[in-house]
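Look for subunit A in each of the two complexes below; its partner is subunit B in the first and subunit C in the second.
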Partner chain A sequence: MFKFICNRLLQAIPVLIIIITMTFFMARLAPGGPFTQERNVSPEILEAMNEQYGLNDPWMVQYVRYLGSLLKGDLGPSFSSPGRTVNEIIADKIPVSLELGLLALTFALLVGIPVGLLAAVMKNSPADYIPMTGAMIGICLPTFVLGPLLALTFGIWLGWFNVSGWFSPSDRILPAITLALPYAAYIARLTRGGMLEILSQDYIRTARAKGVPEWKVVMKHAIKGGITPVVSYLGPAFAGLLAGSFVVETIFVIPGLGRAFVESALNRDYTLVMGTVIFYAVLLLIMNLLVDIVQVLLNPKLKFEEA
Partner chain B sequence: MSFKPTEHSQVEVAPELIHQVEDAHSLWDDALHRLKKNPAAMAGLYFFIFIILFSFVGPVFTPFSAEYQELPLANTGPMATILWEQRTNAEGEVTKEDFAAFNIVVGRQQRTGGSFDADAFLARLKAGEAVTLGDRSYTLSDRKYLLGTDRNGRDLLTRIMKGGQISLMVGFLATLVSIVIGVVYGSVSGYVGGKTDAVMMRIVDILYAMPFTIFVILLMVFFGREIWLMFMAIGAVAWLTMARIVRGQVVSVKKQEFIEAAVALGQKHGKIIFRHVIPNVLGPVIVYSTLTIPSVILFESFLSFLGLGVQPPDASWGVLIKEGAESMTVYPWQLLYPAILFSLTLLAMNFLGDGLRDALDPKTTK
Partner chain C sequence: MRKTILPAFLLSFVFVFLAGCGKSERPVDVAAREGILLFGNGSEPQGLDPHMVTGVPENHIISALLEGLITYHPTDDNLPEPGMAERWDPNEDYSQWTFIIRDDAVWNNGDPVLASDFVYSWQRMLSPLFGAKYADMLYVILNGEQFHKGQIENFDRVGVKAINDKTLQVTLVGPTPHFPNMLKHYSWFPVHPGTVEKFGGMNEMTSRWTLEEYVGNGPFNMAEWAPNQVIRVVKSDTYWDRDRVQLNEIHFRPVSNANTEEAMFRNGELHLTNTLPPSQIAIYQQRNPEVLRIDPYLGTYYYRFNMDRPPLDNIKVRKALAMAIDKEQIVENITRGGQIPATGYTPPGMTNYEPLDMAHFNPERAKELLAEAGFPNGEGFPEMEILFNTQETHRAIAEAIQNMWKTTLGIDVTLLNQEWKVYIPSQQNQDYDISRSAWIGDYMDPITFLSMWTTGNGNNNTGWSNPTYDNLISAIKQEGDPEKRTALLHKAEEILMEDLPIAPIYWYTRIFLKDPRVQGWDPKLLDNHPYKYVSFSQEG
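Right after this comes the complex of A and B.
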């Protein structure tokens, strides 16, 4: 297992280098710089600002310098928020996004798995097809439709929650549900599919023949194999949650990393964009690794060498 | 022993055998038959056809063009009553005339004139009377906006149709880009095999690990928000899965005897790929394409919602939903109509894609 993790981490290095290089040169190739959008800036000041941030040096020099500081864990100063470093900004925003993401993931799992289990156990009954139709709709409803609709219904018409902001605990509910619902729906479908496949296996029949009570068959024998598809889905789900957080944080005006990324991209804040991209990439690679490990742990047929 | 094909006219065929031959179904007939038995997929198909007609033919039938704006009628509700307002000066000459929304006129009267009987006002207008209030006189206009207007007084229905054109076009063209790249890449990789295959698939694996949403966002931000760039960017991202699917199919088709026969006949590899291999992997490609189109439409709208996609005055459904979300507290219809239509389209396409998959691959269990 240790070897497996080392291998995967080694494989991640070229991926990271490609990401860093592509982002770096894409930002430089693009027309316009980080300071061209500000009005009332005289050419001398612009020149001085470019000089101060080292933007006048040849690209390769900038690139090597950036990689050098990156190795020390320094993501550089932010262009759009003077006096603040990218490390500070990310450290500032990440607890908010992390809280939102974890809440959403927990909600998605807590709703999706039981619903899927119930649908599988009560196959072809109303408890199966009503939630499954709902799940299909939930998958098709994108976050940016669901969010405003939920805000409209529960925030404005019913007045139960605030429509925007991130202050009281109740402010967490609407954004988390918005982010979680499509995943809850997908997880429910995956759980149902996985459970149906496992429940038709011989060892389940054996367990039933031995007189094991049905709830024990489901909860003890079947569930481990049945939720494997859910586990392998968690990797892509996590990537999706990141993209979803851009939208949800924009809709509900949440001061998280997703909104910071979109804004930094719009402001051409090169260093903040790169810092966020690198951060996201590392996060995704780690999550995919974790998912692979859990998958092997759940399924004894898989071995770490194969993956 | 030489084999000579028998000529048709010489063979006596029993009539019931001819009937049997006519009844034989090709793979595609079978698929169509199975698809027709799936009500959800057929509903999806019909709705999809409806949406295409709605978006591309619909604007011909609406009374307004998508660009036509009537600023006094900004944010007019669906089917709201609209008046024609004339202002006259002391000499009785008309100095200014324009449309006015009924509820705005009523609101203004209620604020200034204390109690104002809106119902009586409406009744008199409906009777065809010109009602004078202060220096303004009103007559009923026959203008109606079925789904209301947007913030600039443009007809929302026509805007939704035009938005559908852009969203569908992005969906089709980006999917086409992904099909072309994915099919060529996947079939070359699978057909050549060996080390080339390993390297090509390794590249796909590495690209898979990239946070592509982020890359497309960066691309759109840095290189302007051009629609054609969006096709390319999304298409260039979506080909990865297509390449994997095609490669898997090609690897299994390659082992079949008719490919061996083609090789033995000395056909060129390029010809074998395009004539024999690709036609045999079309099924999964079609299925995956029907599922790619909605996800591309979704992605484009996601970008537009963040302000990174289609730019005004062009509007995709994402732009309309974004604008609607900004004003949903006061004018909820501006959010509701585009959102409902957009969601129904995605739902329909997903049902159709699922149905096609079941129809083309009878082995998959539901």
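Right after this comes the complex of A and C.
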């Protein structure tokens, strides 16, 4: 297992380098720059600012310099928030995004798995059709519709929650649910599919033939294999929850990383673009690695050397 | 049956949890009682250093933390209100001004505010190494431009001098009767020299003084800056006019999404919003007119013509295009927020300056002009493109104009939207045919609108050049007699409206929601509301 992890980490290095290089040059290829603004800035001022941030040097020089400071763990100064560093901005937002992502993931699992199980066990009954139709709608309903809808219902009409901010624990609920519902729906479908496949296996029939109670068949024998698709989905799902929270963060005014990510691109804040992309790339690589490990642990047919 | 127990249990758990979160009192009610203003402030400020920033949200916060020599009047932006200066005197032709700084003016760390603090601050603004984006505001100071461009290295030669601790003398390049109005802008605000020096000196672009130790001289002090979340300022007990300040705190909430902001207001989370989606205006007019505010605003929405691209170099073509725009229809059906169809470029509201009444909708004349230009019924007119930055309202307006030009003039234009940071360089490099634009005045004088149209000005971007206009603008900068000056300003704008490198469309309004309890928030053309006059009424 140790060898497996080392191998995978080594493979990740070239991937990261490619991502860093592409992002670095693509950000600079985009029209406009960090100091582009409507009110014209005199060439003297632009010159002074470019000099300060080292943007006057050729791209290759900037690139090598960036890689150098990256090796030291320094992501550089932010262009759009003078005085702040990218390290600081990301560190400031990670806890918020992690909390939102974990809450959403928990919610998605707590709702998605039971609904999927139920649908699988009661296949082709209303308990299957209704939740699965709901799940299909959940997948299709974009968060920018779902979010305001929830805010309107539970905030303005019922008066239970604030519709913005990240101050009190209750402020977490609406955004987490908004973010989680499409994932919950997808998890429900995955669970149902996985369970149906397992429930038709021979060993399940054997268990039933031996008189094992149905709930025990499902909860003890089938579930382990049945939720394997969900487990492999967890990695990308978690990364997606973290990186894809831009809309939810904007709707509910949450100071998370998703907004920093999108806004940095709009602002041409090169260093912040780089910082967030690298963070998400690393996160995705780690998540996929963890998922592979868990999958091997869950499925005795797989071995680390083959995975 | 058994299998449904788990989901049912979970569901009931969620509902019990949800029900437990009920709110008894809305945040606005609590805040109003405690004297805390909850303010929707648009986007997250990029910084709070008055010499670095350029945006409106930044301005809202900085004007709580810092105060210049002269400050905004609570009801009329044309009038000066004493700030750090308790009095000021111009010389005969308004080219030299003396300011007496009040004795009780102090920084919130206890240091007195000195005349030399202003000299230091303005040197910082003009320092070629610092890169202040509003440095050209200070070009009105004698030798300010030369120092900023590195032609003079000794700041002593720039026209600003501390005669003693409390007397500041400013010599300008020429007569400037509106100088007090310029001074209200944050680019003239002082910073605390000791603090700026402590954090790397006046030329440090990435200084952290605003983040770590915000030393201010305004009615409020920085208490908390949680990025993308809230900026909290609390009443200062060292501010000279502290007895007038009634609010205890202001919470600036960065809310970039107008629909979210409206929901927050409705849910009792904000006393004031920054804006209101156009689609909601009619609803509020009907159902909640008491919270809707539509105030005039010193800004103009207009279209630029690229004069380097024929046939837009033909004045008849430009006139035809401008006259075929039914502005009335645009403000009534698209923007719907009480905007005024612009008949000139400079918006109304400035004392002693009546806006021009020249640019009118005239479809018949437009047709004739286009025919005279060689394109009867639009025949042979080349395909043109309207450029605008990606936004719903800009698109709707462009589509309306596209349609008006098609039906009235018989010409076809296409639409091109670009993301902000792509659109700006397109406009600045004159890489467009016709481009949606806007200008918001920096201070109360027509020159803030008219000086940008001189030949080669960095904000002109149309290729328009008229020597008579350029001479007039220079003459205005040398005219000490206010009446003659106004006449010259009118003359200049008439030339602009005669040549029409631009087609004015409407004059802006500020549309926002305000809790009726908030008092002292008067309509202000520059949207500056001195917080020391703001309070909550008792009832409600």
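FYI, the second predicted complex is superposed on the first by the 300 of 307 C-alpha atoms of A that agree within 3 Å, B and C clash if a C-alpha of one lies under 4 Å from a C-alpha of the other, contacts with A are read in each partner's own complex, and residues count from 1 in each chain.
The rule we apply is simple: a residue touches a chain if its C-beta (ideal position, glycine included) is under 8 Å from a C-beta of that chain, and two chains touch if they have at least 3 such contacts.
The model shown is predicted, which means the values in this text are computed figures rather than measured ones.
Q: Mind checking subunit B and subunit C on superposed subunit A, clash or fit?
A: With subunit A as the common anchor, subunit B and subunit C collide in the superposed model.
Q: Looking at the overlay, does A:L285 come into contact with subunit B only (first), subunit C only (second), both, or neither?
A: The answer is first: A:L285 touches subunit B but not subunit C.
Q: For A:I251, is the partner it touches subunit B (first), subunit C (second), both, or none of the two (neither)?
A: Both partners.
Q: With both structures placed on chain A, which of the two partners, subunit B or subunit C, ends up touching more residues of subunit A?
A: The partner making contact with more of subunit A's residues is C.
Q: Could you say whether A:L152 touches subunit B, subunit C, both of them, or neither, answering first, second, both or neither?
A: The answer is both, since A:L152 touches subunit B and subunit C.
Q: Quick one: is A:V15 in contact with subunit B, with subunit C, with both, or with neither? Answer first, second, both or neither.
A: first
Q: Touching A:V294 in the superposition: subunit B (first), subunit C (second), both, neither?
A: neither
Q: Regarding the shared-chain residue A:R268, is it in contact with subunit B (first), subunit C (second), both, or neither?
A: In the superposed model, A:R268 contacts both subunit B and subunit C.
Q: Just checking: does A:P142 make contact with subunit B only, subunit C only, both, or neither of them? Give me first, second, both or neither.
A: Touch status of A:P142: first partner only.
Q: In the superposed arrangement, which partner chain does A:V212 touch: subunit B (first), subunit C (second), both, or neither?
A: neither
Q: Could you point to the stretch of subunit C, among 331-339, 367-375 or 457-465, that collides with subunit B in the superposition?
A: After superposing on chain A, the stretch of subunit C hitting subunit B is 331-339.
Q: Overlap of the subunit B and subunit C footprints on subunit A, residue-wise?
A: The overlap between the subunit B and subunit C interfaces on subunit A comprises residues 30-31, 148, 151-152, 156, 163, 250-251, 266, 268.
Q: Can you list the subunit A residues touching subunit B in their complex?
A: Touching subunit B from subunit A are residues 12, 14-15, 18-19, 22-23, 26-27, 29-31, 136-137, 139-145, 147-149, 151-152, 156, 163, 239, 242-243, 246-247, 250-251, 261-262, 265-266, 268, 273, 277, 280-281, 284-285, 288.
Q: Please name which positions on subunit B make contact with subunit A in the complex.
A: Subunit B residues touching subunit A: 206, 209-211, 213-215, 217-219, 221-224, 294, 298, 301-302, 305-308, 318, 321-322, 324-325, 328-329, 332, 335-336, 339, 342-343, 346-347, 350-351.
Q: Across the complex, what residues on subunit C touch subunit A?
A: 2-4, 6-7, 10, 18-19, 21-23, 26-27, 46-47, 49, 52, 54, 128-133, 135-136, 148-150, 205-208, 210-211, 226-230, 253-257, 259-260, 263-264, 266-267, 269, 419-422, 424-426, 428, 457-459, 461
Q: Within their complex, state which residues of subunit A touch subunit C.
A: Against subunit C, subunit A makes touches at 30-33, 36-42, 44-46, 48-49, 52, 77, 80-84, 89, 92-93, 110-111, 114-115, 117-118, 121-122, 127, 148, 151-152, 154-156, 159-166, 170, 173, 215, 218, 250-256, 259-260, 266-268.
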